[in-house]
Each structure stands twice: as structure tokens, then as C-alpha cells.
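Chain lettering (A, B, C and D) follows the sequence in which the chains are written, and residue indices restart at 1 in each chain.
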Amino acid sequence: MSTKIPVAVLAATGSVGQRFVQLLDRHPLFEVVALTASDRTTGQKYGQACHWILPGDMPGWAAEMTLLPTEAASAATPLAFSALPAEAALEIEPEFARAGTLVCSNASAYRNEPDVPILLPEVNPDQAAILEAQRRRRGWTGGIVTNSNCTSTGMTVALKALQDAFGLRRVFAVSMQALSGAGYPGVSALDIVDNVIPWIRGEEEKVEWEPRKMLGSLRGEEIVPADFRISAHTNRVAVVDGHMVCLSIELANPATPEEAARVLAEYQAPEAARDLPSAPRPVIVVRREPDRPQPRLDRMTGNGMATVVGRVRPDPLFDIKMVVFSHNTIRGAAGGSIYNAELLARLKVIGR
Amino acid sequence: MSTKIPVAVLAATGSVGQRFVQLLDRHPLFEVVALTASDRTTGQKYGQACHWILPGDMPGWAAEMTLLPTEAASAATPLAFSALPAEAALEIEPEFARAGTLVCSNASAYRNEPDVPILLPEVNPDQAAILEAQRRRRGWTGGIVTNSNCTSTGMTVALKALQDAFGLRRVFAVSMQALSGAGYPGVSALDIVDNVIPWIRGEEEKVEWEPRKMLGSLRGEEIVPADFRISAHTNRVAVVDGHMVCLSIELANPATPEEAARVLAEYQAPEAARDLPSAPRPVIVVRREPDRPQPRLDRMTGNGMATVVGRVRPDPLFDIKMVVFSHNTIRGAAGGSIYNAELLARLKVIGR
Amino acid sequence: MSTKIPVAVLAATGSVGQRFVQLLDRHPLFEVVALTASDRTTGQKYGQACHWILPGDMPGWAAEMTLLPTEAASAATPLAFSALPAEAALEIEPEFARAGTLVCSNASAYRNEPDVPILLPEVNPDQAAILEAQRRRRGWTGGIVTNSNCTSTGMTVALKALQDAFGLRRVFAVSMQALSGAGYPGVSALDIVDNVIPWIRGEEEKVEWEPRKMLGSLRGEEIVPADFRISAHTNRVAVVDGHMVCLSIELANPATPEEAARVLAEYQAPEAARDLPSAPRPVIVVRREPDRPQPRLDRMTGNGMATVVGRVRPDPLFDIKMVVFSHNTIRGAAGGSIYNAELLARLKVIGR
Amino acid sequence: MSTKIPVAVLAATGSVGQRFVQLLDRHPLFEVVALTASDRTTGQKYGQACHWILPGDMPGWAAEMTLLPTEAASAATPLAFSALPAEAALEIEPEFARAGTLVCSNASAYRNEPDVPILLPEVNPDQAAILEAQRRRRGWTGGIVTNSNCTSTGMTVALKALQDAFGLRRVFAVSMQALSGAGYPGVSALDIVDNVIPWIRGEEEKVEWEPRKMLGSLRGEEIVPADFRISAHTNRVAVVDGHMVCLSIELANPATPEEAARVLAEYQAPEAARDLPSAPRPVIVVRREPDRPQPRLDRMTGNGMATVVGRVRPDPLFDIKMVVFSHNTIRGAAGGSIYNAELLARLKVIGR
């Protein structure tokens, strides 16, 4: 008999939903028992309803599962991974949380709430403790834990290492983001072949704020954002997977590029997050070639869970320039949520 | 009998050389009388030796011309357009200058010299006056006038409008640059399909320095760079033509995005540069859509000579964020050199 | 007072509708007096409702027009260009035809009807005569004239020249088609970056049949398809505009590649179609380089109206191999319809 | 002590050479003891001299190896994998063969020789027997075994299954080939972004001939090509890895698409080739979706060693239409050579 934790994937047919199904195949801790979808396809087999867009075949067990409606009544597992769009998440995720499900969510709907953590196990596992206050306040027996916007993820991991060592003052961030970040069908091919789109709706606001919350601190029953500022430009480019971010960073205590590179390369996740199945080892891979990271070559570093940093060099205005890269649908979405759930399982806060 | 000024195109078979040939077809002031190439192909017809990579056919007159060696002896016209690589330019351009040719050069070889202007007619036509000192000092009867690196061009035009109105302090610039900027064959397709390369050799140094020289001032016999600083990250993306630059700008005197956008849209070239054949009208096109400029849609604005600005908005660290776009092989290379020559013809400094 | 023929563009906001608006700007014979759209946007200005995706700005006159519903009642012009999807066309185009409008349609809805011509002025202007029978039979005072599927267009022009000279027996056709052929948003970027899709719904059937109708003959009141056979494979590739087709052709009377190339290069449109504003001159451009045609370089040949043929060479199974290229949204869609209308205006069958 | 067969990789720094190094990492039968390169880089470490362009890091053992000159004197192993260009192979491979090395070659130099097999273990392992005659005739103690051109590989596997079941008469083949097939740097990005190149030097000739030799039979001391004919068009598209071929096939004994699909899906490699480490199982994957195979999704099927077939359907001129896909640098190059060597090791013809 399986002792794995039974989980549901909410909105399993979309591009992030598919990544969940792929990454949960043969997962050591979790067993998918429910796949949900929008009304249009419930009742169909996942194999029929889902236009699978990932390399490799859909796992056989998933193909055979019957899609359920996205309702707490039908899919009340102790743990659920949510790939719901923000609007739907706003209503549906609390329903699950109330019914006792701990929801690990990719949606932005609740990221702004001071009692909902944006969790990044390598960075802020301590913020998981806010769950207790969340449950008490809201009368939930489950809860909502989010992961950050896919662009914020990699840069926050890198900023954490620098924050610990030197402190942060100001950060310029310019992203070149992959197509899969916009879902499927997402971006029209006519908009991106031989082109760049210098705008992604709502993205700059998220990138300017989410890292500050993740790098903030728990004070009483609230998470207080860290005291530094970010300016972001976000762009879409013709890349399938993997977000690249150019960073210029002003530190509180100046450091040389060599010192910064060393601190990045040696960064260790906090104890609680270290030996989990999805934990990348090392957390940050620092590349020394002049022209790396590159999406096509570096996206699967650490099974797509590592943060890759390159081109650490002096900045004529601030202190350090560098390029940060991470896989947007693995580290920045489905893989990140699963890593969060692994942390929460270890902390024994699932399924009370 | 033609009263046009006879010109040579040096290194006419490469990607910038081809743009020169294309843009000089039926030019009202200039007539191509010599096309030069490397030794390997001299003596052949241009039509045979040149693998034409631009849409539209090679002009018939060019196809029939016999390629000359790139030597002052064989191609001594009053005016020459140079598409030479930097190393070759270092030696060859002064030869022509000594022989009485005014060389309008795309090469970076002489841009750093304090008596060689980096000319941008909309921005600093006054710096053409340094030619006199250059000739006297160096004993040349011709001279060398350069145009800037293709990434610096558009951003310098935009910065000029803001400098005049508000003064400049600090600028962050992150580029996403087109393939044609690397010449032909240039970038390997394997390096850019489904990819971004976050590095272009020597480019960041140029972008951090050239705009300051162009926006500087003439003091005695030298051009003194403007007193503001730039930090640049330069990236290569899978776009055929057109460089995009994300800018965050700290002004000396703060302005709102609306004020900045107005100043940009109303910017006029100095009198001397206004009614020239290649002059874009308006100089700067400010787009109001949230997602423009875009390379595929905006590259031919003003026949590829206009600077296109979009997304003018507040910056949380500095004052203004915006995106600047211009065509790298037209405005940023061949078209820019021709525009420079038109200015120099008007100023009557060609062919003494 | 304008003596131009007033025209409507049906479904003006989509990708083909935009091409109509662009190509009808300053047209010598036609003046756009009505732009129609789906209910969702009627009443709005075209400039607001339409997300313009073509390089260059939307014409000012179009931006200011108010979108009408696509109904004969509101847009009863003597001539209409239809960019309606097939299903909508099935119902709406006859309404217009009944009300006296001659509809030049891009839709496939009526192409199969024996009294509806698929018109290609360079190829079968004589088939326009079927309009009389169409009107009589159906009791229409207007009518419906279609242009072919965008992939069939170029290859039919080339096949016509060979049919006239040598007769046709069997044709293998494998297409590599552009993204704009699928409309906007059309193909998802995730489906085509670093990819090829070897299937386009319904396309192979059209390519195997339409050329035979266009190359057929008028017998009594019906168009009888030509007696040769086609096998087609159709593929989508990451190209913005322009469909390429590899052809292997078995002729009735064998010819050498040289003879075939000469016949193609010398092909002339029938008299009636020769001097129309949109007529390409020459009809077919035969390229002699080993590696042409290519979409990026050849798409605008003859303002996008020419058929470009290259690589004419022997075929080990049939007689001749070659590659045919034409612009799918100009020659193969909007431009083709306008060319048809120019022919019909000359034949004086518009607006009785 | 290792009992693996020591092998050399000739021309190890190029794109196929890198695949060899990657695929030989931890190979159960072979151990790389020599990496060779052109004179320019011999003496350097592989890790320094080689610009690694594959996702994932270069194996550590390879990075540390010192590059040898490509000479039999310095790299005389019983087995060598050759990624040499055709011209170099012409001279160098026989040197190795004479010195006792069995060369598994990707080069086309010797494919035409009647005593040199083009080996495809799933298809013609019996042709390995010609090695004996080759050695005797040429006085070699080693030998040369080639693998086919990367485009011929997948289609030949599929044709073999049909040949066995129904016999072959005529085949039309139109390829859409990946960039990696042209090596590195290979295709210029400017030639392929938003483009297709309808020509690959020398490729159509190979595709029209090599499958016939591989599907031919051993008669006495020569391989006699099979008696059917092929017409090929070859095209380059903007895909990183994986060649797609559209086929129309005339069979000797007609079959329905269903029968053909069954025969393809059930095809088994000859006994000798079945249980080798690189053998794909199944040999051919038949996909039933209307729009597969696709390069991005199907390239890694069977670790890149399987042949993927889709869209099996009737052909209006011949019998069957279908699309064949296989990975060009794995199945069609390095992986294919290694699979050949595994077969030769089993047949005990290495290292006499």
C-alpha cells in the first residue's frame, strides 16, 4: 500500500498543468489521484482532452485518468497543485483551503496577502511558518502557499546570496522571457518570429515587488518586504523555455565581482530545504564563460531546478552586473511548487 | 553631365557594404564610381563576387562594376564610405584621408580619437567643425568622420532630446540586438534559434562611452565627452534587423513621463541637418501603444532612419523608463554614414 | 468627385482584412467606403478595434472609419472584398450577391461550386464568363468570385505555363507554408519555434483539387477540372510571409529543365489581365541561383504579386523538379482578390 | 581493469565529434582513449580547444584529454569513430584502416565504394560481411564502415519495413532538415531566421542513392543497390535538431495505409542488431495524431535513436503518403556510428 501523499493537480491540461503531471511522474512523496479541468472537458480522459505539448509522452497513468471539475467537493486531497489562472484561483483556491487542502499555487491571486507566503525553499523556508497564522485568521484547515512569478524566481535566489553577504540597496532588472511563460497557445507566432515584444502585462509590477517579499522577514503574523528597490523592464523573446534576466546591483557593502561570484557559487539552501527530492545541488551554478548562461544550453541545469548565473562583472553605476537564468516552467512554476510541497511535507504541515 | 559627387564604397561585398550600395541607388547627391573588396575578389564583377543577402535585387549598375582593391591609389574619390572591419580600417582609412578622400566610416578604429567626430546629424552636426583641426594636425587633405556603433545610435538621439530639456545624470541600457549587426555570416544559426546570447564582444564598452562623446562638446581642438554615466548590458536575439534598447534614465532636472514623451516627439534636428535627403521627419517617433516598438513592425519607420521610442513611463529608481529602437544597418550603419556625408556636403567640406 | 468604384471590405480587422486595407490605400480604381467586422466591434473606429499587425502604420482614412456589421443592408456596395472565415462566408456572401454586390472572396466556401470561378487573372480570366450563368441560375444581380487557397496560387501560375507548352500528367507538391496563412493569432509560437508542423487542416485536399479547377475549362455553364492529378503534403514552418512549394512534375510531352525554365520566364498573362494595376510584370520570375527562391529575400518580388520559380532541374521519376514561391497574403489572398476585381472591372461586370 | 574496447574519436571538436563524446560517456562497451583534432588545436586540452555547443556539460574525462593529431601513428586504437569532413576522410581513414583500426565513419568519402558498407543495424547488418572482402582486396587489417547521410537514415529504416512486406517501386522524398546537419558554425542565422533554404549542397544526390545501397543485397564481393527509384528535394529549416521527410511511396504490391502503419509499427531489427546498447525499441514509433511527428516534440524518442513515422495515409498518385522523422546528429550521425560499432563488436570483427 502506498504511503505517498495523495495530490490533485488543478487545471491540469494547460502548459503548467502538464509540467506538474510530468514532474510528478514517479515522485517519491506524492501520488496524483485527481486531475481537474474546466467544465468543457470534465468527464473526458486526460489523454483525450489534453493537447500535450511537452517533449516525451504523457505518462500512461495520467492519460487514463478522468478529468474532474475543479471543485473542493470532487478533489479534496490533503495537497493540491494549482495551475489555475489568477482570476479562477481567487475564488477556487480558498474553497480548497477551507476544505482542508494545502494548495501550492502558481497563481498570483494571493501573493500580495501578508499572511500568504511566496515560498522559495532555497531562500525563505522560514516564511512557511506564517501558515499557522493564515489558518487561524481565516479559519482554514488547509491553506495557500504560492510560488513566485517565474521571472522573479531565479533573480531572487541570486539576490538572496548577495543579500546575506553584502546587503542590497538597488537593483535594475531587464528580462528576456520565454514563450512558455505565457501559457498555451499564449503568444502568437506572428508576434515573435523575427521580433521582440517589449511588454508583458502585469509583469514588471510583479518583478519589482515579489523579490522584496521573498527576501523580507516574518514579523509577528505578517511578512514584511525587504528594504531595497527594484526597477524592471520585461520583454518576450523567441525562446521556448527559460527566462534570462540582466541585473545591475547596488550592494549595501561593496564587493568585487570575484567576491560576489564566490558567494553565489557557495550559497547553500537553509538546512530544512537541502535534501529534498527537488532540491538543486548546487543551488546556484556560476558559469565562467563570457557568453553564458544561454537558454538552449543551460535550461536543464540541475534538472531545470538550478539558478544559473554568469557574466559577473563590475557595474559603472552600481556595484555588480550579472545575468541570471532559470527554467520558467520547471524552477519558476511546476517544479518550484513541488519543491515547496516537499518542504511543507518535511515541516509536517500537510494534511492535518 | 552628372554634377553628383563621385564616391567609393570600401568593402562593398559585406552586409553593411551591401546596404551602402542599396541606399546609394539613385541618391540625389552621390554617385558610386568605385566598389572595393579584399584581394580575393578584386577584378571580379560585383554581381559575381557578392552573395547578396538583402531583399530585392542588387542594383544593375552595381552588378556590372568591377571590384577594385581597397587602396587609395585605385579608388581616390573625394568621398568614400567605409564598411571596413576595425583592424583593416586602422591602416587603410588614413591612407585615403591623406590622399584627399573624406572617409565616412562605420569602423570603430578612430572613434576614440579626440579630433575624429562620431557624427549624428540630428544630434551633433557642430562636431563636424573638428575636421579642420584634424586635417591641420594630421596633414590630411581628406579626413575621417565616423558614425557610432549601431546600438548607441538610437539611444543617443533619444538621450539628446532629454539632455537638452532636462539634463542627464545616469543611464541604464540593456540591448536586444539584431543578427545583421554581426555581419554575414556572423552569428551561427545554432547559437540563436531558441536562444539568446547575453554577450557581444566589445559592445558594452562602446555603448557606455560613445553616447557620451556624441553628446559632448567641442572645446578648442577636442571633443569633450558629456558628464553623465552609462551602464550597459548587450544581448543578441533572433531578430534580422533592428536594435532595441531598454533605458532607465536619471535626469538632472526631474520630469514626468508625459513631459519626456512630449520633448522626444517634438525634438528637431539642428538647422543644418534638417532638410537633407536622408533626414528622418520626425526625428523621433513616439509610439503610445503599450507593446511598441517592435523590430518587425517598426524597423522601416522613416525609411529606417527614424528613432522609435515607446513605453515612456516612470522608473522606481531613476526618473524615466523607456524603450528605444532603431534600424541597425540603415540608421545605425550605412544610412547613418550617408546622412553624415549629406551633412558634410552641405557644410562644403568634401573634396577640397 | 471620385469616379472610383466604392468598395466594402468584409471582416476588415483580421490579418487578410488588414492586407486589403493596406493594398487598397490609394488604389486607382477602388475606394473603400465600408469596413465591416463581427458584432463585437461594430460601432467602434477601425483604428481602435483593429490590432494592426503589418509593418507600417494603418492608413489614416481607415483608422477613422466606423466598423459596420457584416450585412448587405449596411454595406451594399457594387463590389466587396471578403476576408470572412469559410463558415460565415457560406451564409453572408450570397446575401451580398443577392443584393447586387460582386463579392471577391478569399473564403473556400464556394470554390467547389461549378458555377463559381476560382479566378487567377494570369491563368484563367476566361472563367469569369461563368458569372453570367451564376447570376441567371441563382437569381443574383451581384455574384461571387473566389480566389484560390494561398498555397495553390503560385503553383497554379507555374503549372499553367507548363500546361500550355507541354501538357500536365502528374504533380507532386510539398509545401512549406508561412505563419500568416493561418491568420492572427493563428499558430502558437510554442508550436513553431524550433519546429515544423507537418499538417494543416483541410489544406492538402484543397491543393490537390483547386489547381485542377483553375486549369480546367469552361464547358457550357460549368467549369470542368483539368485532367491531371496532384499529390500534396502541406507543412507549416517558422516563416512570417510567403509559401514555398517543392514540385515534381510529369509532363504530357517531355521537356528539358532548360525548356521548362524558358517557358516559365516567358509566360505572359492573357491579354485581358495584362495591364491591370496589380498585374505583376513579369508574371513569373525565374531565378538562376542554386538556392533561391527564399521567403525572406523573394517575398516582395513584383510588389508581392509575382510568382517566383527556382531550381528547375531534372526529376529522376517524373520530368521536372522545381521550387515555386509566392506571397501568401498578397498574391495568395488580398492582392489576388484585388487583381481579380481589377479584371472584373475591365470586363465591366461590376455594379450592373 | 577495464575490458572495454579502447576507441578514438577523430575530429572530436566539431558538432558531430561532440555528440560522439557525449554518447560515449559511460558507454558499456567502448572507452575513449584518444581525441583528435586539426593541427591548430593539437596539444591543447579538449576542454580548452572545444567550444561545446550541446546542452549539458562536457564530460569531465573528455575536458582533461589532450588533443592528438589525426594520424594513425598517434591514435592507433582497434576502433575509431570518424567525424572528419569528406575531403580529409578520403586520405586519413584508409591510413587508419591500414594500421588495423576499424573506422566507423560519418563521412561520405567511401560510401560509394562497392566493398564499403553503409551500415544501418536495423536494416542491413548482413552487409557487414563485405568487410572481409574489403580487407582482403585492400590489404587492410582494419577497415571502413560508414553510416548514411543523416537524411537517408530515418527514411531507409521506414522503407525497409515496407520493402520487406510489399516491395518498393518509386519514392518521392522532400526533406525539411535541421541546422545541426550543417555542422557548426554551419548555417548563418541571417539565412534562416524567417526563412527556408531550398537547397543543401550534394544532399539530393545522396538521398536518391544511399537508401538504394542500404536496401540492396550482397552479391559475391559487392553490394548491389535495390531496384527502386527515389526523387528528392532537400530543404533547410530553422530547427535545431531532427530531420523530417515527407514521403510518397509506390509499392510493388499495393497496401492500405492501415496495413503499412501496422507493418511499420511491428518492424523488428534483424536478430544480430536487436539487443545492442544503442538499439531503439521499438525500431519505429508510429504516431497516430494528425500533426506528428514534430522535431521539437519527437526528437528524443528512443533516446534519439528511434525512427518516428506519422500521417500514414493514401496517396492519390502512388500508394502511401507518410512523414518520417529522426534525430540527425544522434540516429543519423554519432549515435548511428556507435550502434554500428556495437554490431561489429558483437560480430567480432573489431580489433583483429
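Keep this in mind: a residue touches a chain if its C-beta (ideal position, glycine included) is under 8 Å from a C-beta of that chain, and two chains touch if they have at least 3 such contacts.
Because the structure is a prediction, the values reported are computed rather than measured.
When the C-beta contacts at C-D and at A-C are tallied, the pair with the greater total is C-D. Using the mean of the Cα atoms as each chain's centre, the chain most removed from chain C is A.
Separating the centre of chain B from that of chain C, both taken as means of CA atoms, is a distance of 41 Å. Look at where the CA atoms of chain A average out and do the same for chain C: the two points lie 47 Å apart. Between the Cα centres of chain C and chain D there is a gap of 42 Å.
Touching of two or more other chains is recorded for residues 53, 191, 193-194, 238-240, 296-297 of chain D. Here chain B touches chain D in the complex through residues 15, 53, 179-180, 184-194, 238-240, going by the rule given at the top.
By the touch criterion given at the top, residues 53-56, 193-194, 240, 296-300 of chain C touch chain B in their complex.
The part of chain A that touches chain B in the complex is made up of residues 170, 172, 174, 176, 191, 193-199, 208, 229-231, 233, 235, 237-240, 244, 246, 248, 290-297, 310-311, 315-318, 321, 323.
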